[in-house]
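Each of the next two complexes has chain A plus one more chain, namely chain B in the first and chain C in the second.
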Partner chain A sequence: MKTLSRTTLHMTGSKRTALDMARGRIVLISAIFVISFIIVAGRALDVAVIQGTWGQGQETRTSLLEHKNEKTATVRHDIVDRHGVILARSLKTASLYADPKIITHPETVAKDLTAIFKDMSYGDTLKKLQEDKRFVWIKRNLTPDEQYKILYLGHPGLSFQEEERRVYPQGELAAHVVGITNVDGGGLSGIEASFNKYLGQGTSPLALTLDMRLQHVLKREISYAMTKHRAIGGAGLIMDVRNGEILAAVSLPDFDPNLSGDVKDVKRFNRLTLGVYEPGSTFKLFTTAAYLEKNKNGLGDKFDATQPLVFGRFKINDYHAEDRLMNVAEIFMHSSNIGSALMGHKVGTKDFKDLLSDLGLMTAPDIEIAEISAPLIPQNWGDINTATAAFGHGIAVSPVQLVSAAASVMNGGIKVKPTFILNRDIENKRGIRVVSPETAHHIRQLMRLVVTDGTGSKADVVGYHVGGKTGTAEKNTRGGYDKNRLVSSFLGVFPSESPQYALYIMIDEPKPTKDTYGYATGGWVAAPAVRKTIESMVAILGMEPQEPKDDLKGSLARYVPPKEKINMQKVSHETE
Partner chain B sequence: MKIFRISSFLSLGIAGVLAGLLYWTSQSVQHEETILLQSQQAISFEQETLQVLGTEWDYLTRPQRLEELARERLNMVPPHSGEDILDTVSELPDAPLAETIFIEQAQTAKAPSVSPTISNAERESFGQLIDQIGGEEVTP
Partner chain C sequence: MKLFSRTDQSIISRWWWTVDRRLLATLILLMVIGVFLVMAASPSVAQRIGLDQFHFVIRHSIVLVPAIGIMLCVSLLSLQNVRRLSFLMLAGSIVLMILVLLVGEEIKGAQRWIHLPGFSLQPSEIVKPAFIVVAAWFIAQQKENPNLPGMRIAVGLYGLVAALLLLQPDMGMTFVTTCCFMVIVFLAGMPLRYVCLLGGIGAGGAVAVYHTFSHVKSRVDRFLDPESGDTYQIDKSLAAFQNGGLFGTGPGLGEVKATIPDAHADFIFSVAGEELGVVFILILIAMYAYVVLRGLNRVMDSEDMFVVLGTGGLLSMFGLQALVHMGSALSLLPTKGMTLPFISYGGSSLLGISLAMGMVLALTRKQAKSGVARGGLSIRPIGG
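Up next, the complex of A and B:
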C-alpha cells in the first residue's frame, strides 16, 4: 500500500506539475491577449477620443511640421532707403504647374486656362498639357485672384508651388540703383546684382543712403527740364559732401523694374555711373583748385583773355567772351575757357594730373554698383590736353565721379568716397586731404560768386546761399564738336559757408526755347532745375534759412570790379 | 516558482502607473507642441500679411502719388520760384474768404455772458446739500 501510495503520490505530483504548467501557459497567453486588447483599446481611445476630440478642427501635427520645414527656406532680403521705405521686397506667390499624366481632358483645361490668362494661347497651353511629362510650368507668380479662379475650376492635375516674387513698390523711382532680379531671384543689375550674396543670405534688410522724397524731387525737376527742352536724357545726383552718401541718384529715361522683361536697353542705361561725359566748365573747379594750391594768394592773378589761345592746330575761344584781362575770380565767375587753359598751363601737366588723380578722376570710381565705367583720358597726355582738360574737354568722366571729386574739394579738402550703402562711411571718416582748407574755402567763395554775379544766377534760392558752377559741353561727334548737341549741367553746393549737400543736374541734348532766348546752356537749362530741387529739398529736410551777413561772396568783392569800372578799363585799353 | 506573488502584482501595478504617466506626459507634450506649432504658424502668417501690407503701404505712399493727391484734393503745389519765399511777415497774403468772414463775425459779435446760470433743480440739490451739512445757503 505504501508503495502504491508512494506511486500514486508520485503520479499525482507529476499530474499537478503538468496541470500547473498548462494553467500557467493559459494565464500567460490570456495575459498577452488581454494586454494586447488593452493596448489596442487604448490606442483606439487615443485616436478616436483624446486626439479626435481635443484636436478637432485643428491641423494635424504632421502637416504643421511639414509647414515648419518649408519656412526654413531662405527669403531674399529687403532693400530699403535711409528711412526704411521699401525699395525691393520678396513676396510669396503661387506658381501654377500641371501633371499631364493626371489631366484627363486637356482640351477643356486648356480652354479654361486661356480664359483666365489672356496672354496665353490655346495651342501652346494644350501642347504643354499633352506632353509626356509629370511636371510642366503653366504660369509663374500668379496673383491671389488668379489662384482663386484656378482653384474654383477644380481640375485635377493642376497644382501650385509657392515661390518668391521680387516686388518694387517705388516703381521707376530708383530703378537704376536698386536694379532687378531674374525669375529665379538672382540679381541682374544695380544693388540687386552687386549685393546678390548678401541679399540671399544676409540677416537684415540692406539700407541704402537714398532718400525717396529727395529722389522724387530730383526726378521731377530733371523730367521737367527734359520735357521743356526736348532733351534725350538727363541725370542728377544729391550727395552729402561730408561723408559721400548719395541721397538721390536719377538717370532718365528710366524703367519700371516690376515689368523689366521687355525694357529697351536705352532705358536700362545708368547715365550716372555707366555714362561718361565731357564735363565742360564744371571741370574748371579743379583747374582753379590746382592753381590756388600752387599759388596760395593767387586769386588776384591776371590772365589775358583778349585773344583766342592757339595750340598747334587747335584754337581755344571763350563762350561768354569778356575780351579783357581777368583775374582768377573773374575767370571762374565768367567761365572763361582761355583763362582756364592759361591757368592749367601755369599749373603744369604733372601737377594738374596729380590733383585729378588724387580726386579719383583718372580711374574708375569705387562704388557699390555693378555698372561703372572708367573715365576716358588722353593716352598721351601733353600740354594741349592739360589746356583742354582745364575747361573740361578732351576728358570724359561719369557724373558720380565728378560730384565725388567736387564734394572732396567743397567739404574742406577731404576726399570722400561715394557710397550707396548706409553706415558705411568708415573709410570716409579717416579722410585723405586732397586740397588745403584755404583752397577749399576760396573755391566755395568762387562758387557762391558764380551764382550771385556769374553764369549760375538762375540757381539762386532766397535765404539759402547756393554756390555752383555751370557746365556746357559740346558733344563729340565723328566730325568734331557739334554746337547743336550739348550736355548742359550745373554743379551746386549749399549752404556755401559750411556745405552739406552737393547737387548735380545734367541734361543731355537740350533744345533752346523762347523762354531761354535761344540758349540751351547749363545756366539756362540745369541751373533752374537745381534751384527748384533745392527749394523743395529745404522744405523736406526742414533746413532753416541763413543770415545774409554770412554770405561768402562779400569777401571776394575786391576781386570783382563793378561793371562800370570794367567798361572804363575796356575803353582805356582800346584807346591805348 | 510562484507567479502570483504580491511583488509581481506590485511591479505590474507600478509599471502600469508609470506607463500611464509616460503616456500622459507624451500626450501633454504633443498637445503643447501642437499649440506651439499652431502659434508659430499663426505668427508667420501674420508676418506674411504684414509684409504684404507694408509693401502696399509703401506703394500707396509713393512721393509722386502723394504729390498728385495733394495737388488734386488740397490744391497744394511744391514751393517753387522766389515769390513763394517771403522776406517779411507783412508780405503774407490775405486770409481766404471763409476765414475772413469768420474773423469779422468773431470781432463784431457780442461777447458771451459770463454770469453763472444755475438751474432750479441744481439749486434745489445744492440747497439739500447745505441742509445736510447744517449750513446756510447764501443767495447771490
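Up next, the complex of A and C:
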C-alpha cells in the first residue's frame, strides 16, 4: 500500500514537472511568435510606407537615371546619310485600342469607326469590339487628325497608346540598304535589322556612307537603261576606292518602306548584296592581275587564240575574229575568252585561287547589312574551273564583292573592305597589300585602254579619264546558258591615273533596241549609263576635269599599235 | 448576453459557457474578411484563365458554410471525441494520400488532388491537424503510462506522413508538419540538446530538399539572388504594397493585383495590402497574433498534457502558415505556395483549417476542474 502510494506520488510529481516545463516552453514559443509577427509587421510598414508612399515622392539619383534610360530606350534612333539627310526616323503616334468589356454599344462604335477609317470593314470591326477580351488593337499609328476624330466621338472603351512609327522620308530611294522595321519597331531588313540593337539604345543617329544626291543620280540612270531595254532588273554601286565607303547603292525594282503590307519578294530582294551573278568578262581584271603578279613584265607575252581550247569534254570558244597571236594587253582589250583561259592556266589553279581569296571573292563579304550571300564556287575546283573562272564563268559573286575586289586592285593594290557606315574604315587603314603597285598601274592602263579603244568607249567622259571593263554573261538556265537572257554590266573607275571612285552598273535581261543595232551587251547597255552617272556625279561633287595629256593609255603604245581601232560591229560579236 | 442560462446543462449551453468566445469571434471575422478579399482578388485571375469572373468567389462561399459548420461541430466535441475523430481522419487521409499517389490528378507539377464527384479534395490539408492531435495524444499518454512507447509511435507516424507528403511532392506541408511535430516534442519536455540536434537534422533536411527538388532550388536561388531568375510574382507583390500605401486604394480599386499570378490564393495578402492599406494589414497581423497567443495562453491553465501538446501543435500550424504566407508576399522568405488561413481561396485548405481550429476550440474549452482563471501572458511559477 505504501509502495503504491509512493509510486502514485512519484508519477504525479513527474507529471507536474513535465507540465510545468511545457508551460515554460509555451511561453518561449509565444515569444518566438510575437517576435515573428512583429518582424512581418515591420516589413509591411517598410515596403508600403518607407519604400512606397515616401519613396515615390523623392527623385533619387538612381530613379532619375532609370527614368533617363527608359526614355532613350523608347525612341529608336535616326538613320542619316553622310551629309545628315534623314533616311529613317521614329515619330511618336497614337495607336487606338478598345476594351470590349467597357464598350456599351458595339454596333454604334463600329459604325463610327468605319466612317473614320474607310479601309476597315464594319463586320470585322464589330467582331473585334465584341471579343471577350480586355484589349484589342483597332488601328496602329493614327494621324493627329484621326486621333482628334476619335476623341471627338467620345465613346467609352476606346483608348490610345503612344507608339512609334518609323518613317522613311526618302521613300524608295535607299530602301534596300536602310531596310524596314516591323510594326513593333524591330528591324526586319537592311541596316534596320543589322543595327537593331544600336538603333534601339544608341546615343546618336547612325550615319551611313550613302550620299543621297549620288543615290538619286545612279537610280535615275539605271531606271532609264532598264526602261529603254525593257529589263527585269538592275543594280548599281558607287564606291570610294580609297576607303571602301559605298556612296550609292541601287537595286531595282525597289519598294516604298513607308507602305506596310504586301510587297513582292522580288522588290525586297537586294541584288547588290544578296544576289550572286556570274560576272562575265569583268572578272578578267583579276585573271590579268594574277598573271602580271607572276610575270612582272608580262604585258607583251603572247598567247595563241586561234584555236578553241579543249579541256576534256569542254571546249572554250572565242567568237573573236583576231586570227593571230595576241599579247596580254590585246587579250584584255578585245576581251578574248581563249586568251584569258590560257592566262589563267599559266597562272595555275592554286595561285589564281589564292589571289581571288585575297581579294575576298571566295567567302561571303563582311559588310554591315543583314542580307548577305556567299559566292557560288565550284565544289572541286580543278583546272577546268580555273579556265572558265578566268573569263568570269562557273563562279558567281555578289556585285558588292566584285566592286570591292576591283577597287582593291585599282587603288594601287591595297585591300578594301566595303562599308555602309560612316567613319568605320578602320580596317581599311591597316592597308593589306593584295597586288603590287606595278600590277595595279598596268590594270589601270588596260582599263583606260578598254574605254579609249575597246568595248567600253560609250563610258568615256571627256576630261575625267574613265577606265573600265564591260561584262556580259549569259544566264545559266536549266537547259544551259541562254543567249537571249543576259546580265550586262560595266565596271568603271575614274580618274584612271589616280582613281577615286569605282562605279558598277548591272542590267538584268536587257532587250536589244534599234539604236543599239540589236545588241544588249555591257558596252551598249551599261556603259552609257555609267557615263551619264559620272557626268552628273562630277558636277555634284565639283570635280575638276584633267588635261588630255595626262592620259594613261599612251604608254601602252608599244603593246597595242595605235592604228588598231576596234570596230564596234566586230566587238559586239564577242562574248565580252 | 443571456442567450443561455449558466444552469442550463444542455450540450449547447455548456459549450457556450466553456468555449473561448473571443477566439471564435476572431476566427469568424477572419472568414468574413476572407470572402471580401477573395471577391477582390479572384475575378482577374478567373478571367485570365477563362472562367466566369465570380467563379472563385462562388466556390469559396459554397465551402464557407460547411467550414463554419465543421468548426462549430468539432468545437462541441469532448476531448475524448476529438481524439477519436483525429484517429479516424488520420487513418482515412493516409489512405486517401496513398490513393492520390495512385490516381491523383497532377496540378502544377504536384499530385495533391483527388476528385470526388463535384468537388476535388486535397487530403494533405486534413492530415496535418489529425496527425498533430494523434501525435500529441500518444506523447501525452506516455507521460501517464511510461510503459507505452508513445514517443516512438509518434515518430513512426511522423515518418509515414512526411514520406507521403514528400512523395506528392508538397514541400510546404512537409515543412509545416515537421515544425509542428517539433513544437509538440519540444513542449513534451525534450532536453534542449536533443532539440538542437533535431534542429540540425531539420536544417540538413532542408539542404537536402534544396538539392533534390529543382523547383525548390530555383525559388530559393531567386530569393537569395533576385538577379538569377524571374522574380515577377514577388516584384508585383511588393509593387502592390507600395501602391496601397497607408490606407490602400480602396476595396476593388487595386490595379497591381490584376497582374499578380495566384492573387486569390498564395498572394491574397498583397491584394489586401494594395486595396486596404498597411494599416489594415497591421490589424490583420494583430488578429493572427491574437489567435495564436490567446490560444497558447489559455492552455497555460490546463492540467492535461494532451491539451497542452495538441493546442500548441495546432496553433503553431495556424501561426506558421500565416507567417510563411505573409513572409513570402513581403519577400522575407522564398515564395512558398502557402495559403493564408481562413482568407485565401481554396476549399481543402479552408476545410482543413476550420477543422484544426474547431479542435483548438474544443481543446481549450474550460474543463470542469479548471484552475484559477488568469488573463494576459504570464509565466506560471515553477512548482505552483
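The rule is simple: the second predicted complex is superposed on the first by the 484 of 576 C-alpha atoms of A that agree within 3 Å, B and C clash if a C-alpha of one lies under 4 Å from a C-alpha of the other, contacts with A are read in each partner's own complex, and residues count from 1 in each chain.
Everything that follows uses one rule, which is that a residue touches a chain if its C-beta (ideal position, glycine included) is under 8 Å from a C-beta of that chain, and two chains touch if they have at least 3 such contacts.
The structure presented is a predicted model; accordingly, all values stated were derived computationally and were not measured.
Novice: With the two structures laid over each other on chain A, which partner does A:Leu153 touch: chain B (first), chain C (second), both, or neither?
Specialist: Neither partner.
Novice: After superposition on the shared chain, which partner residues are touched by A:Val85: those of chain B (first), chain C (second), both, or neither?
Specialist: So A:Val85 only meets chain B here.
Novice: I'd like to know which partner A:Met212 touches here: chain B for first, chain C for second, both or neither.
Specialist: In the superposed model, A:Met212 contacts chain B only, not chain C.
Novice: Does chain B (first) or chain C (second) touch A:Ile26, or do both, or does neither?
Specialist: So A:Ile26 only meets chain C here.
Novice: Determine, under the contact definition given at the top, whether A:Ala539 touches first (chain B), second (chain C), both, or neither.
Specialist: first
Novice: What is the contact status of A:Gly463 with respect to chain B (first) and chain C (second): first, second, both, or neither?
Specialist: first
Novice: Considering only touches as defined above, state whether A:Ala48 meets chain B (first), chain C (second), both or neither.
Specialist: In the superposed model, A:Ala48 contacts chain C only, not chain B.
Novice: Which of the two partners, first being chain B and second being chain C, lies in contact with A:Val34: first, second, both, or neither?
Specialist: Second partner only, chain C.
Novice: If we overlay the two complexes on their shared chain A, which of chain B and chain C does A:Ile102 touch? Say first, second, both or neither.
Specialist: In the superposition, A:Ile102 contacts neither chain B nor chain C.
Novice: Go through chain A and flag every residue that touches chain B in one model and chain C in the other.
Specialist: Common to the two interfaces on chain A: residues 24, 27, 55.
Novice: Using the touch definition from the top, list the residues of chain A that touch chain B in their complex.
Specialist: My answer: residues 24, 27, 42, 46, 50, 54-55, 58-59, 61, 64-65, 67-68, 71, 85-86, 89, 91-92, 167, 169-171, 173, 212-213, 215-217, 220, 461-463, 532, 535-536, 539, 545.
Novice: Show which residues of chain C lie in contact with chain A when the two form their complex.
Specialist: Per the touch definition, chain C meets chain A at residues 47, 143-144, 183, 186-189, 238, 241-246, 273, 277-278, 281-282, 285-286, 288-289, 292-293, 296-297, 299-300, 303, 305, 308-309, 312, 316, 319, 323, 326-327, 330-332, 377, 379-380, 382-384.
Novice: In their shared complex, at which residues does chain B touch chain A?
Specialist: Touch list, chain B to chain A: 3, 23, 27, 30-31, 33-34, 37-38, 40-41, 44, 48, 51-52, 54-56, 58-59, 62-64, 67, 78-82, 84-85, 87.
Novice: In their complex, what parts of chain A are in touch with chain C?
Specialist: 14-16, 18-27, 29-30, 33-34, 36-37, 39-41, 43-45, 47-49, 51-53, 55-56, 134
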